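Look at the two complexes coming up: chain A is in both, with chain B in one and chain C in the other.
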Partner chain A sequence: MSPERAHPPPATTPDALEQQAAAVAPLLEDSPEDLYENAPCGYLSTLMNGTLAKVNGTLLSWLGYHREELVGRRRFADLLTIGGKLYHETHFAPLLQMQGEVHGIAMELKAKDGARLPVLVTSVVKTDAAGEPKLIRTTVTDARGRRAYEQELLRARRAAEEAHREAERSREHLHEVVAVLQRSLLPPSLPPVPGLETAAHYHTASPDHLGGDFYDLFSLGGGRWAFCLGDVCGKGPEAAAVTSLARYTLRAAAMNDADPEAVLQTLNSVLYERYAGDDPRYCTVVFGLLEAPGPDDAGFDITLAGGGHPPALLLRDDGTADFVHTPGGVLIGILPRPPLAVIHTRLEPGDTLVLYTDGLTEARTPTGRYGDERLLAHAADLAPSGAEPTVKALTDLLESFGAGLDDDTAILALGVPARAHENPTSSPC
Partner chain B sequence: MDIRRRNNVSVIGPEDGPVVVLAHGFGCDQNLWRLVAPALAVDYRVVLFDYVGAGRSDLTAWSAERYSSLDGYAEDVLDVCRELDLRDAVFVGHSVSAMAGVMAVAKEPGRFGRLVLLTPSPCYIDDGGYRGGFSREDIDELLESLDANYLGWSGAMAPLIMGNPDRPELGEELTDAFCRTDPDIARVFARTTFLSDSRDDLAKVSVPTLVVECAQDVIAPREVGAYVHAAIPGSRLVTLDATGHCPQLSAPEATVEAITAFLRDGER
Partner chain C sequence: MLKTSTRHTPAGPVLDVRGDLDFHTVPEFRKTLEGLSLLPGQRLVLHLAGLQFCDSSGITAFLVARNLAATAGADVALAEVPDTTLRVLRIVGLDQVFAIEPAERAGADSA
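And then the complex of A and B:
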C-alpha cells in the first residue's frame, strides 16, 4: 500500500457499493416524499385547465401560501403578475399545448404578500398510456440572481443599441455635412460657353470624407473663359479648406491677370505663405484660358499651364488622341517660386479636351494600376467624341473599377461641336 | 412583391371548397391552427398565413411604421385575399386578428362572406364603464415580460425564423422556434395589440358574424365577448367550455364544431 494514499479507494465491488450506500442512507433521509416536498426548486402539477393539483413545500414557503389556499382553488396563471399572465396566455400556454413542453421561461410569481419572485419556469405535459394529455408538471427555479444579471445584460444591450443608433445618426449627419461642403467646392453647374460643349463628373470615394479634387469654369468677359481642375493633397476638412482657398484664389487671380502662368504663381504664393512651416499644403492643378478667335472660326484657342498635374487628353476629330503635357510640372505651394510655363493649343471642331485627376489613372485593376497608357488607348477608341459622351464613357470606366477606385476623381471635358460632315460623294473635288 | 412568400401563405383542402382564411393573433404564428386546420380542410379550402414579422414571414418586409397600427395587419389580410383573388371568403381571426378582420371587411366587404371572431377583444384596457380587463400598467408589465425573455432570443435564431433551413445545426432548436419572434417586432406587435381600441369599428360589420369565446379567458373575459356580440348587429355568440385564450389548441374539436355549425347554417 502506498504511503501517499490518504483516503480509502472508491468502492468498486458490488459488496463494497452496498456497504457505502447503507452508511450514507441515514444522512440522506431521501424518501421520495421528502425529495419532492423539500426539493431545492418549486414543484407544481396542474390539470389541463390550469387548476393547481399539487404544490411542493418549497414553493409554498417561497410564496407564503398554505396548501389548501392553492390546491383545487387557484390556477397556475393566478400566481403570475398580470404581465406574466398575458405572456403566459399568449406564449407559454400555446407553446406547451403545441410541443408538450416549454423550457426556461422567465416569469414573475406573486407571493401572498404581494412580493414578486423572479423565476424560471419549465413545464412538461404528462400523457396517459393512450397519449392523452392528463396534467402539466412544472418546476420553478429561483432566478433572482440570474434576473439581476440579465437585467444588467439587457441594460448593456440597450445602451449598446442606443449608442449604435446614435452613431448611425451622427454618421448620417456627417454625410449630410460632407455632401453640402463637397457641393460647395464645385460649381453647381457649368456655365454655358457659346460654341463649346462642356461636361463634368465628380466621383466621391467615401461619403465620410471630403475629397480634395476640384474643377471650375467661369467667364472672364470679352469672349474669354477660364477653366481649371486640380487635386489638393490629403483628404478631410483640412484638404477641403485648401480646396476652397485654391478655387477662389484661382478665380480672383484670373480676374486680375488671366495669364495662366501668373494665375498659378499667385496660387503658389498664397499656399506657400498660408501653409508655411510644419503643415505644408500643396496641390496639383491645370489652369487654362479659352478664347473664341472670331465669328468665322469655330475653333477655340487654348492657353494652358500646369503644376505637377497629369497631362490633359485631347481627343481629335480625326479619331486620334494625345496627351497635352504642360511644362514645368512642379507642385503648387511647395517652392517659393516654381518654374512654370504656358503652352498654346487649339480645339478645332470635333476636338475635345479632357482634364482629370489621378484617381482615374491610379485606380487598381486586376492587372495593376490603370495607368496612362490604357487611358490614352481608351481615349483613342472614343475619339472622335463630344464632351458629354466622353465624360459618360469615363464615368462608366470609373464605375467598372468598383472597389479598385479608392480616391476621389474629377473629370472636366471641353469640346467644340463637330462640323456637319459633308457627303464625300457630292464633294466638288 | 411576392405576397405568398412574404406572408408564408399555405393553402390546403379541396380546391372547389368554400374558402376559410385562418389568421393568427399576437404571440405565435399559423402553427396555432395546427389542430383545427386539418379538420376544416376536409370540406373547406383553408388559407393559412403569417403576418409579416411572425413565423416564417419575410422579416425584411417588416416596418415599425406599418405594423404599429392594426391597419397594417388588416392590409396584410387584404394583400393575401387580393393575391388569391378571394371573394365571399370566411375569415376566422383569433384574438387581435379578429379586429384586423373587422377592419379588412370594412375596407373591402366583397371579399368576405362571413366572419368568425375567436376570443376577440376590441379594447384590452378598461375605459370608463367599459371593462377590457387590463390597465395601461398591466400592458407595460407584459412588455417587461417580453423583455425578460429577450435573452431567450439569440442572433442564431434569426436565420431559422427567416426561413433559411440551410443551417441543419439549428434543426434541434426548431421545436422551440415556434412562436419565436424578433424582440423588437414582438414589442411593436404587443403595443399595437394591447393598446388598440377598435370598439367603434364593430357596428360597421356588415356580414354574418360568429363570436366565439372561452368560459375562462384571462385576456378576453366573458364581459368582452358579450360586448362584441352586442355591438355587432345580428351576430351570434358561442361560449366554449374551455380555458385560456387559445381554444383552437385547448379545445380544437369544439372550436371546429362551432365554426362549421355556423358555416353550415349559412349554406342552408
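And then the complex of A and C:
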C-alpha cells in the first residue's frame, strides 16, 4: 500500500474543487493582517532614514519588545549587535541603496534581554510611482537551526582534523617502531677488526615496512672473525622475525662450530623445521670466516659459504674486479639438507670484498634492470678502492636509482688497507 | 598483470603462466595452484615461456607449487624458463631443485 493512498484523492471536477476549498477555509488565516502579524518569520518596515515604522508580532515576541518601544523610536540598526551595526553601515545599507534589494544576509539581532538571535535578513526598497524610494521592507528568518548546523559542521571538521593529526601521529609512531626494529636486525656498529677496514650500508625501501635484509660481523676469538649478509624472502613483521632468527642462529652456530658450511646447515635446519608447508620462509645467505694468517702478513684468508646468494664482488689492488661465485649453493630453508658452495679466497692489501643483496642488481633503470654486468663494470671502475669509499660509491649508486629501487638493500664491504697507506707491523690480532 | 590457463594431459596438468609473478600477482597464482588436481605420480608443469617478470615472490610461488605437488605425491617441473628467470633460479640454486624442461613436454619422464 503506497503512502499516498492514505490521503483523500485529488479533486478533479469543478464541484469537487469547490467542496475542498470550503473544507479548508476555516483552517486558513482569516485576514492578511493576521498572516502579517503571526507569520513564521519576522517582518519590519523602516523609513528611508532607518526608523522602524512597522514590526510584526512574530519579531516582537522573538526580541521581547513591546511594539511602542520600537516603532517610531528605534532604528533597525539599533536591533543589531555591535559587529552587526558595523556590517550594516559598511555593507548592508550601501548595497541596499545601490541595488534596491539585499538577500539572505546572516546577522545577529539583540533581544531586549541581551540574548543574541542569529537571523537571515532580506530587504527590499519600496518606491513610489515616480521611482522615489519610500520604504524598506525587511523579512527576518530565524537562523538558529542553521547556526547549529554550521556549528555541527565546524565541530565535525575539527574532529576530522584531530583524527587526521592522530593518524599522522600513529604513522610517525609506526615509522619509529619500524626504524627501531630494523636497527635491531643489524649490528649498531661494525666492531673494529685489526688490519681490516669495514663499512656497511642499509637502504630501507619504505618507512612503513620492515625489510628482510641483514648483515653482521663478529669476533670468534683467536684472530678469527665471522661475517654474513643475507636476504629473507618477503617483507614485514613475518620476514623480520625470520631475519632476527637467522642472524642470531648464525651467531650461535658460529660460536659452536665456525666452519661456514656447518653454520649454514644449522641455519637451514632451523628454518626448514620451522617453516615447512605452504608458507615457505627461506633466505639467501653468504657466511664467511676471516683469518689473519700472522703478524707479518697483512692479508686475510677467507672461507666463504653461499646459500643461493648473488656472488660477492672482489675489488683488487691492481684495479681489476671480479665476482666471487659460490656456485651450486641452494637457498636456505627449503630442502632438508641443501647443497652448499664453499670457496677459499684471500684478501691481499688493497683488496676489498663486497657483499650485497639483490636490491642493488634488481633496481630498475631506464635501460632495464641494473644487473650483474653493469655492477661488475662499475666495480672495475672503482678498483682499487677501500671499504669506506666503495660503500660510499655504491650508496650513491643506490640513490641514483631513485624510485627504481623498490627493495631493501644491504651492502657490507671488508677491505685490507693498501700497503702504501699502512704500517705493515701494526696489525697483530 | 598475470594470466594463467591450465591444460590437462595424461601426465599431469600444464599451467601456462603469462605476465608478471610478483608481490601483487602471487596471491592469485597461489589460489590457482591450490585449485589444481594432482594425482600421485603425476607431474605439474609450469610453462613459463610467457613469463615477463619474476621476483622473489615468484620464486616463493614456485616453492609453494613444489610443496603442493610433494603433498599430493606428485612432481613439478618448469618448462621454457625465460633466460632472466633462469639466471635468478641459478643464483638461488633452484636449478638443482626443479626439473627444468627446455621445451614442450614430450612424455611423462621423471626428473
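Going forward, the second predicted complex is superposed on the first by the 262 of 429 C-alpha atoms of A that agree within 3 Å, B and C clash if a C-alpha of one lies under 4 Å from a C-alpha of the other, contacts with A are read in each partner's own complex, and residues count from 1 in each chain.
Keep this in mind: contacts are C-beta pairs under 8 Å (C-beta built on N, C-alpha and C of every residue); 3 or more make two chains touch, one makes a residue touch a chain.
Note that the coordinates shown come from a computational prediction; the quantities given were computed from them, not determined experimentally.
> Chain A residues in contact: does chain B have more, or chain C?
If we count touched residues of chain A for both partners, the winner is B.
> If you stack the two complexes on chain A, which partner ends up touching A:G57: first (chain B), second (chain C), both, or neither?
In the superposition, A:G57 contacts neither chain B nor chain C.
> Is A:L153 in contact with chain B, with chain C, with both, or with neither (first, second, both, neither)?
first
> Taking the superposition on A as described, I'd like to know which of chain B and chain C A:L95 touches: first, second, both or neither.
In the superposition, A:L95 touches chain B alone.
> So, A:G223: does it touch chain B (first), chain C (second), both, or neither?
Neither partner.
> Which residues would you name on chain A as touching chain B in one complex and chain C in the other?
Overlap of chain B and chain C footprints on chain A: empty.
> Please name which positions on chain A make contact with chain B in the complex.
Residues 48-50, 75, 77, 81-87, 89-91, 93-95, 97-99, 103-108, 118, 147, 150, 153-154, 157 of chain A touch chain B in their complex.
> Which positions of chain C touch chain A when the two form their complex?
55-57, 59-60, 63-64, 67-68, 84, 91-94, 96-97
> Please give the residue numbers of chain B that touch chain A in the complex, ascending.
25-28, 31-32, 34, 95, 134, 138-152, 175-176, 178-179, 194, 216-219, 243-246, 249-250
> Enumerate the contact residues on chain A facing chain C in the complex.
231, 233-234, 276-278, 280, 282, 284, 307-311, 328-331, 334-335, 338-339, 358, 362, 369
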